[in-house]
Amino acid sequence: MTAKPKFAMYWAASCGGCEIAVLNTHEKILDVDANFDVVFWPVAMDAKYKDVEAMEDGSILLTLFNGSIRNDENERLAKLLRQKSKLLVAFGSCACEGCIPGLANLSPVGDIVHTAFNTITTDNPHGIYPRTSFDVPEGELHIPTLAKVVRPLEQVVDVDYFMPGCPPESHQIAAVIDLVIKVVKGEAELPPKGATIGVGDSTVCDECPRARNVKLIKEFTRIQDIAPVDPTLCILEQGVPCNGPATRSGCNARCPQAGAQCIGCYGPAEGVMDYGARLITAFASVVDATTPEEIDRILDGIPDPTGQVYRFNLAGSLLKANREAWIKG
Amino acid sequence: MKQYAYYPGCSLESMATSYNLSTLEVAQTLGVELKEIKDWNCCGATAYFPVDELLAHTLVARNLALAEKDGLSDFVAPCSACYKNAYFTNAYLKKDPDLAEHINYALEADNLHINGTMTVRHLIEVFIEDVGLDEIGKKVTHPLKGLRVAPYYGCQLLRPRKENQNVENPQFFENLLSALGAEAVDYPSKTRCCGGSLIVTNRKAALDMVHILLQDAVNRKADVIATTCPMCNVNLEVYQNQVNREFGTQYSIPVMYFTQLMGVALGIKPAKLGIGKEVVSGEPALAFAY
Amino acid sequence: MDIEMSFSEEIANVMYASHGNPITDCLQCGTCSGTCPAAEFMDHTPRTIIGLINAGYKDEVLASNTFWSCASCYHCTVRCPAGIDIADMMYALKRYSMWKGEHQEGLIGPVFAQSFVKMIVDSGRSYEPLLAPTYIFKNGPRGLVQEMQTATGLMLKGRLPLLPKKIKGLKKFRNMVRRIIPIGEPT
Amino acid sequence: MTDNNFEPTIIGFTCNWCSYRAADLAGTARMKYAPNVRLIRMMCSGRLDPTFVLRALSGGADGVMITGCHPGECHYIEQNYKALRRFHLLRRVLAGLGIEPERVKLVWASAAEGAKFAAETTAFVEEIRKLGPLGWGKGEEKDEGGRIKDEDSSFITHPSSFGEEVSA
Amino acid sequence: MTEKIGVYVCHCGTNIAGTVDVKGVAEWAAEHLKHRGVVIGREYKFMCSSLGQELVENDIKELGLTRVIVAACSPHLHEKTFRTACKNAGLNPYLCEMVSIREQVSWVHTDKVAATEKSKAVISGGVERVLHNEALEPIRVPIHADTLVVGGGIAGIQAALEIADAGYHVCLVEREPSIGGHMAQFDKTFPTLDCAACILTPKMVEIGSHPNITLLTWSEVEKVDGFVGNFTATIRKKASYVNTDSCTGCGICWEKCPKKVVDDVFEAGLGVRKAIYRPFAQAVPKYPVMDVENCTYFKNGKCKACQLFCPTEPNSINFEQKDEILEVQAGNIILATGYDLFDTTRIPQYGYGKLPNVFTSIEFERMCNAAGPTEGKVVLRDMKTTPKSVVVVHCVGSRDENYNKYCSSICCMQSLKFAHLVMERTGAEVYNCYIDIRTPAKDYEEFYKRVLEEGGHFIRGKVAEITDAARLPEEEGKLIVQVEDTLIGKQRRIPVDMVILSAGIEPRQDAKEVGKLFGIACGASGWYTEKHPKLDPVATMTEGIYIAGCVQGPKDIPASVAQGAAAAARVLGKIQQGVIALEPIKASINETQCSGCRICNGLCPFNAISFIEDDKVSSINPALCQGCGTCVAACPAGAISGTGFSDAQIIAQIDGLLLRNLEEARV
């Protein structure tokens, strides 16, 4: 019997939901164990960075990298795992496009540190801030230092595949694992490099069962402010900005099915360069007005347009960050 | 019950006391609560604008600001000239932040500030729009049956154009008169100017203008001319003598405030409406109401 | 750029800015003059005045009694097919001529306007008997007699108050006015 | 910050039927305007995808000028209204990203308004000059792998404004 | 495959070379854009000359160029020239792009360095864009030989006859019971004063009997599907309750009908008709229609006099008739739905509707018509008194910010005609109050002169008001017209017996909705927008839809006829071609990627986008798409792409303009 191919998974700047989603594949997780040799997965087993460093380049077949690049440790590991892996998958929204951690790009990193260590919610009477290096008798200690902006994996290293979702749906993860196992067995071929996997071809509306018509919106509002909500009619048509039309399908329209608007975690559709731009144009297209005043009145119904269109994508967008964060960092 | 910021204007304290009296009486009968603005100032009628436009707007704005300070939002003027001034200053303030800034700077010296929350209307509009003709009709106890009234709108009530108003052939005054049971005369000069602002500065022109108004009313066999403005009223009434002298005519047609006619129809005692203070007595025309 | 301002631009500038004041759009159609109830008493009709302004005849315009004869009835304004606020323009001309101190001899208008404003600035209210002396003699002796008769009649009917009124917060009121026009320092 | 030597780079989107022709007309009439604007011809202002604006801004442009036919005069009937709606929402999003919304300007110019086109262009260049450089182009230089270079991801160590540790 | 791009920079004499270092630019392109595929950078004195074009052609053949950039004047001038040159050399013309360095660089800038640098950027943008251009072929669609004409006024009549005479079939749809339009209401027509009926009736009769014309009166178009070459119109033929197969138009039914109705349409309210009626004697077709709103039988179930007296066998009155829905195929459509008269009650100071002897222009036309309600006599509202003095008011509702800003262009001449007719028929004094007299066509000024010679009075001044309030004894019982006579600077009051308001003309009240049916737009004043106001006044932005007559703007009969004929000529040209080549600048939807969100569905003004319910995807009809690109920019799923204006092309051009292509090699 030949040696099992090696598998790794790493958690950079993210919430950990992606790891849970992998475990949520239930018995599928046994297939991973059966088919792979898990060499590095800090959340599940003990391993040292130096063990990885010692591995031969390209010796890991598959690495699922979740989380975005927030600090130098994230970046170091990204580069290390790239070097050691044949297939590096940006796993989950954070790795693909920055996700919620990416919203930190709305503020300069100095402000973020300041908020964390010196506002009324923090008990820090002497105004003490952490240092990134500190001399102790044993030598110099380092803690990771923050980069000026959060970056998705692709902005740091070459990525083979992208698997969006916050987190990716377990059935999609299972499908991808199945596929890789088949490839290993020579029963299937890998998709072309750079592909987005574990997703549908279209956008969330494609999987959304709600009925839709030509849309003419005179008033944008929040879902809690409409009563009663029509459970069968497109949410956007009811005046609630739903990100479904611009968001990659694959989740089975979870949110709209559950009665809430899509907030966009699966990211842009194939070939789309900037997710926010697509939503701007989608929402603006259904605004039913021709005068600047009336247009403004209707748009006032979207109180935080930037957050609305970039909740999951800011770091991966064309502009990547707020100007202040970008220039000053 | 809604309160209105009542701006009587200078004339209602002097030449037009009967307008003030009848206004307050009628308002009370109709349940319209008029709250006089405290320590209001003269709005300048038409005489400010030739001197300084900004000052003119500021003086008007002071009254609006006082009303705002009282927590009121409906500004009511019985004088058409005051109404026109207040209406436009208010409108300009709302659409021109520059002007608002200038004016607020001046108002500050009087501890006042204006936010532009006011709606400005003429008294007759308030009666018609807020009380309603049906309601007024229901309260009429002494219909003015057979009384031929020339409804004189004058100019400042209508012009310059306020929103989409019909400025050439409005009908609301006629409708009010009908509700009172009177017969509204088709009065050709109802929106023609009476020359009020010229009576001091160009007497000859003003008398000519008054003459035409009287002539049209008499030709149309009106028993009385009804007005919505103290200036028009004084011009048409007090100067009849001078017109007669100038043009060799014999006009003697009573001129009454629309509120006086309303009062009579609502059964209010003539004396309470200031009837009797006219130079050309209205009593013969209103005889049936006594 | 030091291009001299044309007379029509000068006048447009003294008109309330938000109207746009397109006085150069005048078609010379005569609707304003055909409408004007005071036209007969003007030496130039309103249309002619606009024509003179646009042609730059400043002296003729300032010497004219037209704008002092305007009754501010706005009838011309609402009818003008070019959207010109002619009545407002008449006010602008009054202001302009008082500002330049140039107007026809013997007119009551300028004197009246000034004394009226003075009175209001002094008291906050207007009062007819106080105004009378400033202009009453301009109408000649016959006018004076007529005026006295009219006034007496009103007095008898209780329609002329004997004393002028003043507003209460006069000092602050005057401070407010001071922020707009010079009326002398507070004493 | 006003840099006197700062020459803004501006991308202009013009519609084939009106504003591009207005630009042509400005040329035929030899009107002069600032050379900082580089034009792209589209069939209609309705073609304007916000992506284009973001791409221009993130790629080194300091401002973007969008031009189309006057409301009611669109060659395709009403598509410029759609451009107007997008423009309004886009500006809101840009403001949220800390970018002065004035960096994106919408101008209606008919094919006859060469003078307007020239004047608006020059005025816009001056407005952008006042705002200063946007500063996005540089940050995106890529290394061979199409990634941001290391030196750009300047790591934070000790911002001078941070408090020093106080020994207990 | 590696692309080979040729860059050609034109001197345009000194037009470009005077401000731009042309040689430097060409060399720069060859060197610095080499890695982008530029294999040659040339400069030439006059690129558009035949030698310049040969340069391009030879390079294509000899160097095997696969893309071409010409940096010269505006593409609006010479894009076609260079694309044709490419085509001649065997290169798909859409692989050639022009960039403007004349109109947009050398002519508008003075700083040579800046102009040269900008030229480089512009060329770089062009190079990046052309790399993404696709080889395209024009779309060819066949043309259905039938034509639909909507509106049977003089413009529509003319258009229908021209096409029918050329041997092609026409379907003419008219809303009223008869064709003829406004012209049928007139008595005389300016400037020659021919009798309207004498010149119009023969044409109407020809329409009625032409073998190539299907006439559908009392009908309206409800829906239009399809596109140029292949429209399908859904037409509602309203029930007339008269069986036209048997009806002979004898007139007994309307003679016997007991119900009189004021005729507000044809007689402008001056005359009456019956509940079953034919609007006028020369009507085409000759059959009456029943007005169910007013018919006694439809109202209370009794009467049927018409049926009782109808002499035909079988009886021609059919109370059971229903509206018919017809479908008509057509390759082209001409809209000639005309105008409405300005509603003079909107100007209360002119007293129309209140002062009886104030008349509108159309009322006066009917009064002058020998077949009209007064049999051609000019009389006051009492229908008997002859006026002794008349004022004709010009520009009523026209040239006025408060109403219509435009000049209605016909009312000056029509007012002169009225002055003439009044004088001819009554000998009354006539005053024309005008702002300007506009007589800009052949023999029009001569007509003005004639009216002056006949003794017409002319007062230059827009009428301020009309009143019946007399001030002087001579004004008693008269209408007083108050106006400034601007030539003498005096306000005048002219007492007269009668006033005629020369009302302006307005777009049809439903013009906007009707326009929408056909996918065409109204301009600011409400008239339909032509493709080009001077050079293509009868075509519209929608291929295959033409406009003629007053729908396009105010005009008189000669101009309406000219446009009717012009529209017909355009249509005949199309029919002769048999097929039409459409620019391949089109949008299309990738069905797999489309989620059916329907965001794009409301965006296309040409109704090119439809939703396929079964597949839950949207789809674009390429023949209807005009290529504006709005939907491409709108699709949130990125499912719509455009040929000739793709995202890739524009993004690449942006990058190129910003010179982002210089640092790295990405070919």
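The letters A, B, C, D and E name the chains in turn, as written, and every chain counts its residues from 1.
Following the convention adopted for this analysis, a contact is a pair of C-beta atoms (placed from the backbone, for glycine too) under 8 Å apart; a residue touches a chain by one contact, two chains touch by 3 or more.
If you're wondering where the values come from, they're calculated on a predicted model, not measured in any experiment.
Among the remaining chains, those touching subunit C and also subunit D are E. Steps from subunit B to subunit D, minimised over paths through touching chains, total 2. When you average the Cα atoms of each chain and compare centres, the chain farthest from subunit C turns out to be A.
Ranked by separation of Cα centres from subunit E, the top chain is A. In terms of C-beta pairs in contact, D-E outnumbers the other of D-E and C-E. The distance from the centre of subunit B to the centre of subunit E, with each centre set as the mean of the Cα atoms, comes to 50 Å. Distance between subunit A and subunit B, defined via averaged C-alpha coordinates, is recorded as 69 Å.
Between the CA-based centres of subunit A and subunit D the separation comes to 29 Å, rounded to the whole angstrom. Multi-chain contact residues, meaning those touching two or more other chains, occur in subunit A at positions 273, 278, 281, 285. For subunit E, residues touching at least two other chains, in rising order: 349, 603, 633-634, 647, 651.
Of all residues in subunit B, those that touch two or more other chains are 168, 212. Across the assembly, chains come into contact as A-D, A-E, B-C, B-E, C-E, D-E.
Chain contact summary for the complex, subunit C toward subunit B: residues 14, 16-18, 37-38, 40-41, 68-69, 71-75, 77-78, 85, 87-88, 91, 94-95, 98, 107-110, 112-114, 116-117, 120, 124-128, 131, 135, 139, 143, 146, 149-150, 153-154, 157-161, 165, 167-169, 172-173, 175-181. Across the complex, subunit E meets subunit B through its residues 347-349, 354, 467-471. On the subunit A side of its complex with subunit D, the touching residues are 71-72, 75, 106, 109-110, 113, 118, 126-129, 131-133, 145-149, 151, 154-158, 273-274, 276-278, 280-281, 283-285, 287, 289-290, 292, 295-296, 299, 302, 304-307, 309-310, 317-327, 329. Contacts from subunit E toward subunit D in the complex involve residues 74-76, 100, 102-105, 107-111, 114-115, 117-118, 121-122, 125, 519-521, 523-524, 529, 541, 585, 603, 605-606, 626-630, 632-634, 642, 645, 647, 650-651, 653-655, 657-658, 660, 663-664.
Those residues of subunit B that touch subunit C in the complex are listed here as 10, 13-18, 39-42, 44-55, 58-59, 62, 92, 95-96, 98, 102, 105-112, 155-156, 159-161, 167-168, 191-193, 195-198, 200-206, 208-209, 212, 238-239, 241-242, 245, 277-279.
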